[in-house]
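Scrolling down, you'll hit the structures one after another.
Here chain A shows up in two complexes: once beside chain B, once beside chain C.
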Partner chain A sequence: MTLMLAIDTATPRVAVAIGEDGRVLGSVYLSARRRHAEALVPAIAYLCEQTGVELRQLGAVAVGVGPGLFTGLRVGVTTAKIMGQALEVPVVGVSSLDLVAHPLRFGGQMIAAVLDARRHEVFHARYRPVSGGVQLVTEYRVGPAVELVAELEAGGEDVVLAGDGVASNRAAFGALERAVDAGREFEAPSATALVEIADGRVGREEFSAPWDVAPLYLRASDAELAWGNRR
Partner chain B sequence: MTPDAGPATILGVETSCDETAAAVVVGGRSVRSSIVSSQVDLHARFGGVVPEIASRAHVELIGPVVAEALAAASTGLHDLDAIAACRGPGLAGALLVGVSAAKALALVTGLPYVGVNHLEAHLYAAWLEEPDLEPPLAVLLVSGGHTLLVIMEAHGRYRVVGQTVDDAAGEAFDKVARFLGLGYPGGPAIDRLAPDGDPEAIRFPRAMPGEPNFSFSGLKTAVVNHARQHPDTPVADVAASFQAAVVDQLVDKLAAAADGAGAPTLVLGGGVAANSALRARVGTLGAATGRDVFLPAPAFCTDNAAMIAAAAWWRLEAVGPTPLDDGVDPTAGLGVVA
Partner chain C sequence: MTGTTVLTRSADETRDVGRATAGLVHAGDVIVVAGELGSGKTTFVQGLAAGVGIAERVVSPTFTIAREYVGSVRLVHVDVYRLERAQELLDLGLEDLADDAVLVVEWGDVAAGYLPADHLAVRLTPGPGADTDERTVSLTAGGPSWGARADAVAAALDAR
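This part shows the complex of A and B:
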C-alpha cells in the first residue's frame, strides 16, 4: 500500500490530494489567486486530518511542475521537495499540462492543454487519448495564443481545448471552427489526475531524488532575455 | 527579559535576496552550523541581483543547504525545537521559497514555525558572538538593500531614527564600482582598492548634515561628474574619496543617534558593515566617546540564517509561533514585536 500526497500550484488554484494506491482518499481545491504560500500548508494539514493520514505514513510526494505561474510553482515544488527530503520518500514531478489533459482521456479526440502564460501567450501541449491515459504528441511549449490557434487550424483535426489559457484568450480561440471548449471544470490541473499518473510512475520506479525535481519554466527570466538580445 | 523555556534548538532559513542560507542555533546565541550558498556569480554579469534568477536558484539550493546545515550541526530534524524562516522584507519570489520550505518542515515534524523579520534578524546577529550584550544599542544597519539607523531600546522594541531617502549604502557602492569599472559586488571591490588611494584627494559631498536620514544619489552623481571632468584622476583616489564620503555620512549620523538616545553601545550590521574603513571609524568613535563597540564578524553581517534562528528564539518566547497560513511580506518594516 502506497500513500501519496499530490500538489499542484501551477495556476491561481491550489490543488491538493491524498491517494492510496492511485485512488483518491480526499482532495482540496482552493481558488488561492496568488496566495499559494498562505493556502498550501493549511490545505495539506486539513486533508491529513480529514483522511486520517499522517504525513510520516506517506510513500511518495507528487507535484505538478508546470509550466505555469512562476510564484505558484516555486511554492508547490519547494514544498514537495522539502517534504520528500524530510520524509525520505521519492518525489514524482509531472507536467501540469498533463494534469489538464488526463481527465479528458475518454473523449476520443485530440486534446490541447492550454495554460495562461500572461501577455497573450500560453503554455501548451497536445495529447491523444490512449488506453489508460493520454499520450503527449508535441513538446511543452510557450508562445502567442494566436500562433497555437493557427497551428490547430492548419492541422484540420477536431480538438478539445482545456485549461485557463483558453478563457483568458477567448478572442483567439473563439475563431477556431473544429474545436470545443472543455469548460470551467477542466480549467486547472487536476490533483486526482496527479495521484493516478504518479502512482503508476512510483510502481515503475520512475521518480527522482527530491533535489532533482525542478519547475518547468519554459521561459528564461526577463533579464536573461534582455541579456540575450544585447548579445 | 530572557526566555526561560531553556535552550531551544532552532533551524533558521534565509532566502530574502541572493543568499540561500540555513543554520542551527541553540538558545539564540550558540551557532551549531551556518551554511550560506551565495549566488553572487549568477548575478555578476547583470551588475545586480535579478529577482527571477535569485528565486529559481533558491528552489534548487534550499534542499541541499538545509541538509548541509543539519549535517554540519550533527542534528536531526527531531532534535529541533522550532523551524524559522525570513518572511520579509526582501524579494517576494525569493522569500516564498524559504517560507515554503520552513512551513513544510514544520508540518512534517509538528514543530512550531516562526516567521522572522529580516531587519530584526540583522540586529540579533550581534548576540551570536556577544551573548551578554544588553540593550539599549545604537545599530547602523547598512547593506545593498537597507540603510537604517535603529535604536534598540529593549528586546522587541526598536525605534528607526534614520533611513535612506534614495539609494541604499550598498547600492551606492555597486553603482560607483560599476561606473569605475571595478566589477560586482562593488563594496568589496572599492574596499580593496581604496587603501591605494588618497581619501582626501577629492572632497565629495556629505549629504544631509545634521539630519538623521541618509542620501547617496547625489554622491554618486558627484563621482560621475568628477570622473568626467578630471579623467586623469587615479581610480584609487576616486574610490578612496568616495568611500570616505560614505563612511563620514554613516558614522556622523550613528554618533548623533547614539548621543540622542543615550545608547552606551554601538553595533554594526548588514553587508556594508564588512567594509574595513567603516569598521575602523566606528571603532575610533567608540574609543573617543567611551562607548562599547560591537562589530560582528563579516559572516554574520552579511545575510545569513544564524541571525534568523537567533531572532526566532526571542520571538518564540515573546509572541509564540507564527500560524501556518502566514505568507511573506516583501515590504515589512521594523515594528515593535512585544
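This part shows the complex of A and C:
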C-alpha cells in the first residue's frame, strides 16, 4: 500500500490530494490567488487530519511541475521537494498541462490544455485520448494565444479546450469554429489526475530524487540580460 | 508605436513630466524607464509617484531592487541595474503583480523580452544643449492598451 501526497500550484488555484494506491482519499482546492505559500501547508495539514494519514506514512510525494505562473509554481515544487527529502520518499513530477488534459480522456477528440501565462500568452500542449489516459502529441510550449488559435485552425480538427488560459483569452479562442470549451470544471490542474498518474509512475519506479525535480519554466531563464557594455 | 518627445531644463521639470503621466496610469500597467546613470530615471518616477498621491519619498531601489508604495494605486518600483540574468528577474515574481499594481522598471529596456510588450517606454537622454540639467524625455506607447492612450499621453504633456 502506498500513500501519496499530491500538490499542484501552477495556477492561481492550490490543489492538494492524498491518495492510496491511486485512489483519492481526500482533496482540497483553494483559489489562492497569490497566497499559495499561505494556503498550501494548512491545506496539507487539514487533509492529513481528515484522512487520518500522518506525514511519516507517506510513500511518495507527487507535484505538478508546470508550466505555470512562477510564484505559485515554485511554492508547490519547493514544498514537494522539501517533504520528499525530509520524509526520505521519492518525488514524482508531472506536467501541470497533463493534469488538465487527463480528466478529459474519455472524449474522442483531441485535447488542447491551455494555461494562462499572462499578457495574452498561454502555456499549452495537445493530447490524444488513449486507453487509460492521454498521450502528448506536441511539446510543452509558451506563446501568444493567437498563435495557438491559428495553429488549431490550420489543423482543421475538432478539439476540446481546457484550462484557465481559454477564459483569459476569450476573444482569441472564441474565433475557433471546431472547438468546444470544457469550461470551469476543467480550468485548473486536477489533483485527482495527479494521484492517478503519479501512482502509475511509482509502480513503474519512474520517480526522482527530490533534488532532481525541477519546474518546467519554458522561458529561457538562464539567458543574460542585454546589458552589452552599458554598466 | 507612437511617441511624444519633450525637453526639460531641470530635475523639477522632469518630475513634472512624471506627474503629468500619472493621470493616465492604472493598475496592471507597466512603465519601462530607460536612460544612463544620472539621466533622471528616478526623478521621473518621483513625479509619477507624487501624481498618484504617494507622499512617501521615492528613492532609487538600486540596492533593494524593488520597493512598493501605496497611493491611489499600488506602485511597484523596480531597478534591474544589479541583475545579471533573466532568472533573477523572474525570481522577483513580477508577473503576479501585473494585475493590481503599476509596475515601473528602471533600466527595463535591458530585459525587454521578459516584460510585457504592452508598456509605456520612457527614455531620458542628456541634452540637447550643453546645460547639464537639460534632458530629452521621450515617451513611447507600445501594445494595445498604451497604444490607445498615446494621444492622451501627448495631451497630458502639452497641458503640463
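Just so we're on the same page, the second predicted complex is superposed on the first by the 220 of 231 C-alpha atoms of A that agree within 3 Å, B and C clash if a C-alpha of one lies under 4 Å from a C-alpha of the other, contacts with A are read in each partner's own complex, and residues count from 1 in each chain.
Here is the rule we go by: contacts are C-beta pairs under 8 Å (C-beta built on N, C-alpha and C of every residue); 3 or more make two chains touch, one makes a residue touch a chain.
Fair warning: this is a prediction, and the values are worked out from it, not measured in the lab.
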| task | Would you mind checking which one, chain B or chain C, touches more residues on chain A? | result | B
| query | After superposition on the shared chain, which partner residues are touched by A:F70: those of chain B (first), chain C (second), both, or neither? | reply | both
| query | Which partner does A:R119 contact after superposing on A: first (chain B), second (chain C), both, neither? | reply | second
| field | chain B versus chain C as contact partner of A:A86, first or second or both or neither | value | first
| task | Kindly classify A:S208 by the partners it touches after superposition: chain B alone (first), chain C alone (second), both, or neither? | result | neither
| said: Quick one: is A:S221 in contact with chain B, with chain C, with both, or with neither? Answer first, second, both or neither. | reply: both
| said: Does any part of chain A touch chain B in one structure and chain C in the other, and if so which residues? | reply: 70-71, 217, 221-224, 227
| field | Touching residues on chain A, where the partner in the complex is chain B | value | 35-42, 44-45, 55-56, 70-71, 74-75, 77-79, 81-83, 85-87, 210-211, 214-215, 217, 221-224, 227
| Contact residues on chain A for chain C in the complex? | 34, 69-72, 118-119, 217, 219-227, 230-231
| field | Touching residues on chain B, where the partner in the complex is chain A | value | 45-46, 50, 52-53, 55-56, 58-60, 62-64, 66-67, 77, 92-93, 96-97, 99-101, 103-109, 324-328
| message | List the residues on chain C that touch chain A in their complex, please. | response | 36, 80-81, 83-87, 89-91, 93, 95-96, 98, 109-114, 116-118
